[in-house]
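What follows is a set of structures for review.
Heads up, the next two complexes both have chain A, just with different partners, chain B and then chain C.
Let's turn to the complex of A and B:
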């Protein structure tokens, strides 16, 4: 039977022992090279051995624990999803596009790592697998065709006790089970499982001698035959949108169901929610600072930051504030949603990206604003980058995610019950005079954000070193103006009447435009302005960006001039 | 049986050796576009190149006896030849002639990768902190700022300007970290020249050239040129510096797959920092180059 690139059989591709702490193992199956690595959380990843950016082998990359870092340009790929989380050449940008390496199914069982060319078959252990405490043999590479190697193994059987052929290039010889890993058309690895022996060394030596002799016989025979043509795996093309470098955000609309796996009181006034895939699959890649839209049972949509650390995609953990004056957003979550309920969430979106090229990163959280900063701190922590986290809260009981914060190695300072002026003095002390390659990230109540921005600016911090995220826009939106918008790319001119937003007007005209919070806080509807004067009413853009008059948020901002030309 | 090179590639001038390193009266053999060629120098010091028959490396030969010769140029310290009909003059590097520069060849190094992959690596700044750690770049300063790229029709070359990068030790003569500015030229499908701010004289630029000899579609030899304003370092130091840099690139290049440069935009994932590489790939496509590349399916 000739080998096929699309063979769905599960084969062992490595021993568990081949994956020590922070190692990347290079394997091969059916002609395809594989980068195999174990994350710090124990999960094993089997990926195509090729960075999507410039084709460099990922097996020469660096296992950072929860992310794999390419050796060529430092691109980082997340544990489980293989999604790209950071591109160092553009530190201020969230990788806006879904760059994801090709990955293969994986199962760790009986001391072996198993994989397959595709997901067509479920992993099924060989008959009788569960009954024994297995011990893997030392693998034996053989330069011979896999079918010849299998036949050679079968001939090891004594005449009165023939080998028992198992599905998928495997056979049983007495109590030993052998598997042939089809590396390529002319290359194989013999892997075997035996019952845990009393004397491991003597047993291993015995098998090693037998298999070495078999290998020599098989290789001598193979050398006399014409070498089979190697398999020619195809590198799948990247999607057209990845090749053309657009910088458009992922549009809203794609939601996925998640189940509330855990709901708990994280602190006084803060409820934690753990959201997971219903079938136990991993969730999509996110970057530090990212949020998800949560679609609530009462039809409202609210944004919550993901608090997770790198490569932790088994579930998302969010923190929700119990607000007494809540209008029904967090109230519904807190009061009516229970463990086991299913909610719809959007894919993660990042309007608060973390640069990882700072020599010092200051994270300042006020109250529930800890959520995105906890995620950032965990990423910086894992990469051993210099950061400090300052967490301001009214009371000690209000400090959320305490155990997660305790696991960090960096400087984490909690500031409790400070008055407004004292907070300001503390922030000024923490920031200090601006120095090159320093960055500050702030998340908290609106008044605190403004105070930190002002304080930083007075200490010489430039706008592009001050990063902030508002949870909501508290400003009163003035929608009394009326004007025209010309959509340059869509070749369309629309009239925006008083009382209606640009976004609503565009939607009514049949355009699909990305948006999320629709109150000028999240940054999703960011649009390039080509002509006209903008009446900024959002809290997303910084002063420099607003003054540049080159971009705007179409959900709340309007025109001072009679006409705006937008790049839509 | 290797495929025949495309017409454009066949008619190009190709670098084959550092002229001074060719021993007078001795044969050196190498590969060019899958063909074995032989080289030597005559008593007058002029290089002679021909298609090799049964010559071996190190054979003694009198250059006068070689009658069936390939065309030869010497430029920038290197010997160039052509297997087809050489149509154009070799590209200019005017700085090379400036009297106070130290010009030197920095070695010819074999690499198991196609010549265009090596050119692309030369144009790339994003890898500095990762591959040339603490020399041409260092974490956390990893940003590739916006720069300009154009394909000059008049000069038929790719030109990238205003390329800036923070470097801890930009050149042998550098004493500390500085933001350096680069200009890159690709004046030949398999050659590139870069100009970088000179630590010693703000008004002038050091020039570094990489000339790739395409031996086969998936192997090449890199010939390096430095033309420096540096009154302190010795030629040995300057060479060693360049060879250190190249020694860091080589293992990365040899782990790139596929080894030929894919010209289909969907074969890899470009980012804004790769603007010059995108322009280079497009330029190769337009020129009809098929040697050492995976052409875009039409």
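Let's turn to the complex of A and C:
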């Protein structure tokens, strides 16, 4: 039977021991080359051996523990999802859309790594698999057609005890089970499982000798036949979505259901929530600094930063502040949502991206502002990049995620109970005079953010080295102006009356435009301004960006001029 | 004479008068073997570039006077002129490696190391030949060279696979790398430039990770760093 590119059978493609710490294994199944790597958390990834940026083999890339880094231009891909998390040529930007390498199903069982060309079949153990503590033989690559190799293995059986053929190019010879991995039309790997022997090395050598002789016989026979045509796998093109310019308007985004797997008191006044897929699948790729919208039972939508480290997609962990005077957002989460409840969340969005090309990265957290910075610290930590994390809190009991912070190797300083002036002095001391390629990231209460920005600016830090994220916009929004907006790409002119936002006006006119917090804090509705003078009322843009008059947040900001032209 | 930049900025190192000169071609795996060991041993040296391709300076009169065989690399240490990468590796290790690990004195281990130096030459005559044929227009038999390299890689993979099973990480029996590993490494790593895939040799690929994690490891064009070792 000729090999088929769409054969859904699960075949072993490696031994478990082929995937040691920080290694990238090169394999092949049915003509498709594979890059196989084990993350530090134990998860095994089977990906197409091709960086979708410039096609270089990922098997020569670097296993960074929870991300795989392409050797060519340093694109990084996350454990589990194969989603791109960082593009060094665009260090200040989050990879905007869902760039994901092709991945294949994987199962680790009986000392072997199994994969299949597609997801059409569920993995099923071979007959009798569960009865034995299996021990894998040295794999034996053979330059011969898989069906010929299988037939050759069957001929090893003694006459009175013929081989027992199993489904999926496998057979049982006495207590030994052999699998033929169909590498390509003319190439195979013999993988064998035996019961754990008393003298391992002697037994392995014995089998190795038998299989070496079989290989030599099979290759001599194969050399006399015309070589079969190699399989011609089709490399899927990068999707049109990735290859083309982004749509003008990205819809608000579908939500996905997640189950509250765990809810716990992380610190005095901070509740941790662990959110996971209901079927145990991994969640979408995120980058450090990213947040999700959480749709609350009372209809409100709130943003929470993901605290996870790289390639950790089994669940998202968020921290929620228990506020006494909460407006009903976090209060609902804290008081009514229980473990086992299902919530709707958005896909992760990142308006607070982390550069990984800084010579010095300073992370400054105030209170619950630790959440995005914990994620950043974990990414930098895994890649052994230099960082320092300063965590300001009113009381020691209020320090959240203590065990996660303790697992970091970098400098983590906790500053407890400092008065406003003392915080300012400490921040100035921590920052020091600005030096080239230094970057600071701040998240915390509004007053603290402003103080750190001012302090950094007074020490010569330029705006593009100061990165911040507000929880919320505390400013009183002045919506008294009325003006026209001309939407250049949509060829539409709309009148924005007093009391209504640009965003609302556009939605009423039938446009789908992205937004999230709708209070000028999160950055999702960022829009390019082509003409007109903007009345900025958000806390997302920095001073330089506001002064440039080239961009705005349509959820709160308005016009000082009678007319604005937007790139929408 | 000024002291050149030392690898690793090691302040303990007292700069001697520059004595070592390497006649070097940047893209040569055999020259890289010496750069690699000298970097590991933190030895300062000067480089005289020799245009092997396309200039064929290794066949020029001035070069043939140093090495009548017309082969790179050549290394001068004061008045001594040496050729053959394997011989020079042994010389550098014996003279400058105070740990005695890179070319051990134990007679049995010396024999092991020399055995693999000889395999390294076989790798050069197969894997490197295929690379020269494909990339530099040399009139070598490509298919024969590739087959020869695959034959050696199969044996190395088996040797290294059973080594891992018995707790041996390197080509020779000591618990540390020797010049045998350095001698065999470059043209294993560069084999794909000769159309020789290492996909069928997982234990050989893991060994190349280990070599690339040796402290003082340095790269060359086509040889990239590996992921970090477990701490």
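By our rule, the second predicted complex is superposed on the first by the 561 of 568 C-alpha atoms of A that agree within 3 Å, B and C clash if a C-alpha of one lies under 4 Å from a C-alpha of the other, contacts with A are read in each partner's own complex, and residues count from 1 in each chain.
Simple rule for what comes next: contacts are C-beta pairs under 8 Å (C-beta built on N, C-alpha and C of every residue); 3 or more make two chains touch, one makes a residue touch a chain.
The model shown is predicted, which means the values in this text are computed figures rather than measured ones.
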Touching partner for A:385 - first (chain B), second (chain C), both, neither: first
Partner chain in contact with A:284 - chain B first, chain C second, else both or neither: neither
Partner chain in contact with A:90 - chain B first, chain C second, else both or neither: first
Contacts of A:18 with chain B and chain C, given as first, second, both or neither: second
Contacts of A:71 with chain B and chain C, given as first, second, both or neither: both
Partner chain(s) touched by A:200 [first = chain B, second = chain C, both, neither]: second
Which superposed partner A:63 touches (first chain B, second chain C, both, neither): second
Which superposed partner A:358 touches (first chain B, second chain C, both, neither): first
Common interface residues of chain A - those touching chain B in one complex and chain C in the other: 33, 60, 71
Residue numbers on chain B that touch chain A, as the complex places them: 120, 124-127, 129-131, 139-144, 251-252, 255-258, 262, 264-273
Interfacial residue positions of chain A with respect to chain B in the complex: 33, 49-50, 52-57, 60, 71-74, 87-92, 99, 235, 237-240, 242-245, 356-359, 385, 437
Contact set on chain A toward chain C in their complex: 14, 17-18, 20-28, 33, 60, 62-65, 71, 138-139, 141, 189, 200-201, 204-205, 208, 384
Contacting residues of chain C [partner chain A, same complex]: 158, 161-162, 164-166, 198-200, 202, 205-206, 209, 224-230
